[in-house]
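Here's a structure for you.
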Amino acid sequence: MRKISFTDLRLGLIATLVGASITMIAIPAAAQQPMEPTAIERAKILAEPGVFGVFTMFKLRPDWDKAPAAEREGAAAELTKLIEEHKNNVLVDVYLTRGLKTQYDYFFRVHAYELDKAQTFMRAFRATTLGRHSDVAETQVGITKALNYITKDMSPGLNSGLSSATYTGPAPRYVVSVPIKKDAAWWNMSIDERLALMEEHTAPTLAYLVNVKRKLYHSTGIDDIDFITYFETDDLKAFQNLMISLASVGENKHHVRWGDPTTLGTIHTPEKVVQALAE
Amino acid sequence: MRKISFTDLRLGLIATLVGASITMIAIPAAAQQPMEPTAIERAKILAEPGVFGVFTMFKLRPDWDKAPAAEREGAAAELTKLIEEHKNNVLVDVYLTRGLKTQYDYFFRVHAYELDKAQTFMRAFRATTLGRHSDVAETQVGITKALNYITKDMSPGLNSGLSSATYTGPAPRYVVSVPIKKDAAWWNMSIDERLALMEEHTAPTLAYLVNVKRKLYHSTGIDDIDFITYFETDDLKAFQNLMISLASVGENKHHVRWGDPTTLGTIHTPEKVVQALAE
Amino acid sequence: MRKISFTDLRLGLIATLVGASITMIAIPAAAQQPMEPTAIERAKILAEPGVFGVFTMFKLRPDWDKAPAAEREGAAAELTKLIEEHKNNVLVDVYLTRGLKTQYDYFFRVHAYELDKAQTFMRAFRATTLGRHSDVAETQVGITKALNYITKDMSPGLNSGLSSATYTGPAPRYVVSVPIKKDAAWWNMSIDERLALMEEHTAPTLAYLVNVKRKLYHSTGIDDIDFITYFETDDLKAFQNLMISLASVGENKHHVRWGDPTTLGTIHTPEKVVQALAE
Amino acid sequence: MRKISFTDLRLGLIATLVGASITMIAIPAAAQQPMEPTAIERAKILAEPGVFGVFTMFKLRPDWDKAPAAEREGAAAELTKLIEEHKNNVLVDVYLTRGLKTQYDYFFRVHAYELDKAQTFMRAFRATTLGRHSDVAETQVGITKALNYITKDMSPGLNSGLSSATYTGPAPRYVVSVPIKKDAAWWNMSIDERLALMEEHTAPTLAYLVNVKRKLYHSTGIDDIDFITYFETDDLKAFQNLMISLASVGENKHHVRWGDPTTLGTIHTPEKVVQALAE
Amino acid sequence: MRKISFTDLRLGLIATLVGASITMIAIPAAAQQPMEPTAIERAKILAEPGVFGVFTMFKLRPDWDKAPAAEREGAAAELTKLIEEHKNNVLVDVYLTRGLKTQYDYFFRVHAYELDKAQTFMRAFRATTLGRHSDVAETQVGITKALNYITKDMSPGLNSGLSSATYTGPAPRYVVSVPIKKDAAWWNMSIDERLALMEEHTAPTLAYLVNVKRKLYHSTGIDDIDFITYFETDDLKAFQNLMISLASVGENKHHVRWGDPTTLGTIHTPEKVVQALAE
């Protein structure tokens, strides 16, 4: 079960390993120094590697229902104003989960080039009317990266497949986020073994490029998960079939956690989400 | 343990897999586009594939007991009115679990052709008297589908067995819902292997067609379970024997979760459920 | 690991399985139709198969301590009256666990020939003074059955051993209930394999017939456990040795859950339990 | 994996097993009937087998901070008085965990010859000022027994080692309690196999007799654990090394639960504990 | 699977084991008796072995938002004063996690030569304005020790690698703490086997000496974890790559728990943390 022979290790391979790891770090460090813009551009930050994503799920407390109507109704404008004030630091999306999830009523997805900026925004939100009536039910933090496996070099066929189609459906009504944790056996595989499994994973997903949008965040070490997978779709039945495909490949045997919680919600402007909760 | 050979995958099978998955998606996509009716018909929506089912379990808060009697007594009429207002969008069933379950007192089963319509109804319910005194304890979401395994083509004998008998008992007094999650080994089996296990699973259930009604919802990817199995019966002892039969077949070895929670309740009109809770 | 050969199943065994299961259901269905009496007789309902047992554990809320003394003191009489009103429908036992268990202060064991009658009683209890100050911490539901394995036919020696001695100790002061869930391998064994393990399980218990009373409830499918095992004793040290014996046999390797929670309490009349909590 | 051959069992061994178990029970039953004294003597009850130990962990509720200072300050005297009133029935120790544990602020260790006496004391405590402001966070119940494995007969060398040294350090400032649950494989081993593992377990502990005091309670069947291990020390670093020794032997492979919770606290008189919490 | 032969053990090895363990304890006992200083020096206590570290995570209760502004604003000065009063007994760091973690808003890391001094400080904090509005969400206790494996004697190459570079980045903005629990197989390995795995673990970390600071606490037996690993960095992307390296070695297969919770926060003075929470 162990990949290294103890004797080999003791007999001089240490220096090699040390050297290798120094080289290894050099590459991602270079690749991950994004230029921090003075104003956040939606299309840009959503496409770049090296961006932090903070997912925060909230549940309204019973006292929200007892708050004066004016206070509840003012909450939407208050959130809009807060988002405007922080627009140079964070990109903010809000989703409605009330009625579809047990543990939370709405959730934020916040993007930032520096994680402490996202923290500052979320902290400020906690001081708003809505924030003061809400409990945090879940927080997930990740970083965007360039593709790890299905690159032009390592898997040219699938890499080209990934750019052969784009989303053509109606504006997505639904959002799904699924945290993932892999087992130690996964991380102990060689890159070639993981590449083969990721190719098996990727192949059936190509057919869904037209009706499901996806985004990936890497979380190992900065959270208790390895990945956050994020989806938008208008066709939940197609999405459900996509997920069955992903359950049916060898990679799934390495999932210690896949979901738990799976978050299913609907997509609206932040104002609409707050208004729906204030009704 | 892995079903694919890494080398094979790398040597050109990728294109085939891509093609296969495009074909695969084409079929269910076509089969799952229901006609959305202007008014929900009970018999029709309960029989059709492509219908969303939302199960929501609620627990009354202690403050419910302290609410004025008039307010509590008005809650039944308020719910009836809400169901009437949403009758073009959702079919609503309510069940009584107080006295039989720890975590919740009553639960909703809501059917809709579009999931956001079910969300809107459940959100509106949260603003009613009963909703404002309740905490959500559990939410499960699934989609109905045509039979996957025991079809006329794949398993003609059992398929004909399934239509050889129907429920002949008294109007069912009891409802049981059981969420199911299967392991990665299950999803990684070939369709023939799963068919054989589902035949072993189905055979002993035929004898219970006369005293247990069943319905199945598919949840992979839109919830943290794979299936919601729903039962109605007037004979809990027969039902209990049915469940022992289902525990005693090979498929059960692939259950990561079977129940947890098993929900056992009694069947009444929505008004009766609310009245029982208001006493 | 699978007990059936897929090919065999496909080649015509299905009809046989269907037939077998129809026969199977016929037997317990007949054996389980008790005559419903107009008044519940304690000795009779505790001895019969086909009886529902509902275990409900309650924890007092902090506001109980703040309730007026008169209200607290009246709670015992109120419960006595409620039990009297429902005496044709349910047999009610109440036990004191405060001081011995973390999650609950007292618990009910309710027997009924029809489960909805037990639900109605427990619902009515929730409206009493004590019920309104309590939270449900645990509910377990089961059905009594005739012996499954250690019958006169299948295991005559042990069957006769079971009737060779009865409880001879003082009136039991202590009650213990232990829910059990078995693994899929257990349910997939042949009846002979399970019989052999149950014989190994039963043999060391005979010595404790004189100082530990037992009762078994079957829960598969109507709850998230397979069995509720219930004990009364005045000699907890003998009971503890009995439980070590049961841990030391092969059957224990098939316990997914054994306890969790083990409930340990003392036996009193319902009035005494409420008075002890009202002090 | 199974220790018995099914055929053997069926062919006449049953009578033997029955006889053996009757003999088995006779021995511990005799060994465990302590003389109940009219007044509890600390040194005696802490040394005897057949004594019940009840561990109860409490967390103060936020309203404790808001209680009038006089009420908080009177709580220490109230507890002292209660302990005095029950001194013929129970021996009471109280420990301070606030600042070292998340889930509780203080805990009781109560010894009694009859478990219902311990329950009565703990119930009475719940009615005191401190008890009414506290939530129970954990309860563990066990019984003391004579040594099971490292006896003069079975393991004379280690048995003599156990009495070759006693605690010589300063009065212990620290208390640690660790509940243990063993797996089914452990309980299914022969006594010789378990003895060998317990000898491996005991050997490295001898060196710590001088700086760590220990006591063992047996809980199988009366709680959801098998043992409560209790330690007092003034040298937490030595204690930590002892625990690493115990982690490093084969017995540790049979721990389903070891800790969870590990309770670490400081040792004071009951008065001092309450005063510290009242500050 | 067992490391010892039962027969060998019984035939005389016991005396040897006893002797060996007495020697074993002698060494760490000597190495771990630090001189207790009259005033805590930050650089010294952070570098020494035999120092206790107490990590305590807190969540503000909803009533904090409703406290008078003056009270909230005074909390920072109150904490500063408390830290000053205890400066001879403890070294106190406070970190801000609100916005990044679900379960807590801020956490303390307290160092002390005697654990009861840390307890006294944390108890005193609970009586402050901030403490009275907070719930403890997590407590972890550990002890610092000299290197166990990568010593000059056992692994000279890597030991020299560890001192070949130091942190050269900007003042760290981020803190991460990760509790670890290892499995019984880990603790049952020989020292050589563990050394080999720790060398494989250490090699890839050398490259990150320049941008990630680390500190290790040992917790076996005094908490339900084996280690607390503590990191400071200004480069979370480098840190995330470091953690992927640590996931990808054989040692990771022995982690029963790695994180759960992973704590991610930002580094500020205690005053700043309280002010940020009081806004």
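In this document, chain identifiers A, B, C, D and E correspond to the written order of the chains, with residue numbering beginning at 1 in each.
Following the convention adopted for this analysis, a residue touches a chain if its C-beta (ideal position, glycine included) is under 8 Å from a C-beta of that chain, and two chains touch if they have at least 3 such contacts.
Which protein is which chain? UniProt says A, B, C, D, E = Chlorite dismutase family protein.
Values in this document were obtained by computation on a predicted structure and should not be read as measured data.
Shared contact partners of chain B and chain D, listed by label, are C. Any chain touching chain C that also touches chain E appears here: D. Rounded to whole angstrom units, the spacing between the C-alpha centres of chain A and chain B is 29. The distance from the centre of chain A to the centre of chain C, with each centre set as the mean of the Cα atoms, comes to 46 Å. In chain C, no residue reaches two or more other chains under the touch definition.
If you draw each protein chain as a dot and join the dots that touch, you get one closed loop, with every dot joined to exactly two others.
From chain A, with chain E next, the chains follow one another around the ring as A, E, D, C, B. The touching residues of chain D, when paired with chain C in their complex, are 1-4, 6, 9-10, 14-15, 17-18, 20-22, 24-25, 28-29, 32, 50, 52, 54, 56, 61, 63, 115-116, 118-124, 126-127, 132, 135-139, 141, 143, 184-185, 187-188, 218, 220-224. Of all the residues in chain A, the ones that touch chain B in their complex are 62, 65, 96, 98-102, 155, 157-158, 161, 173-174, 176, 178, 192-193, 196-197, 199-200, 203-208, 235-250, 252-253, 255, 259-262, 264, 266, 276, 279.
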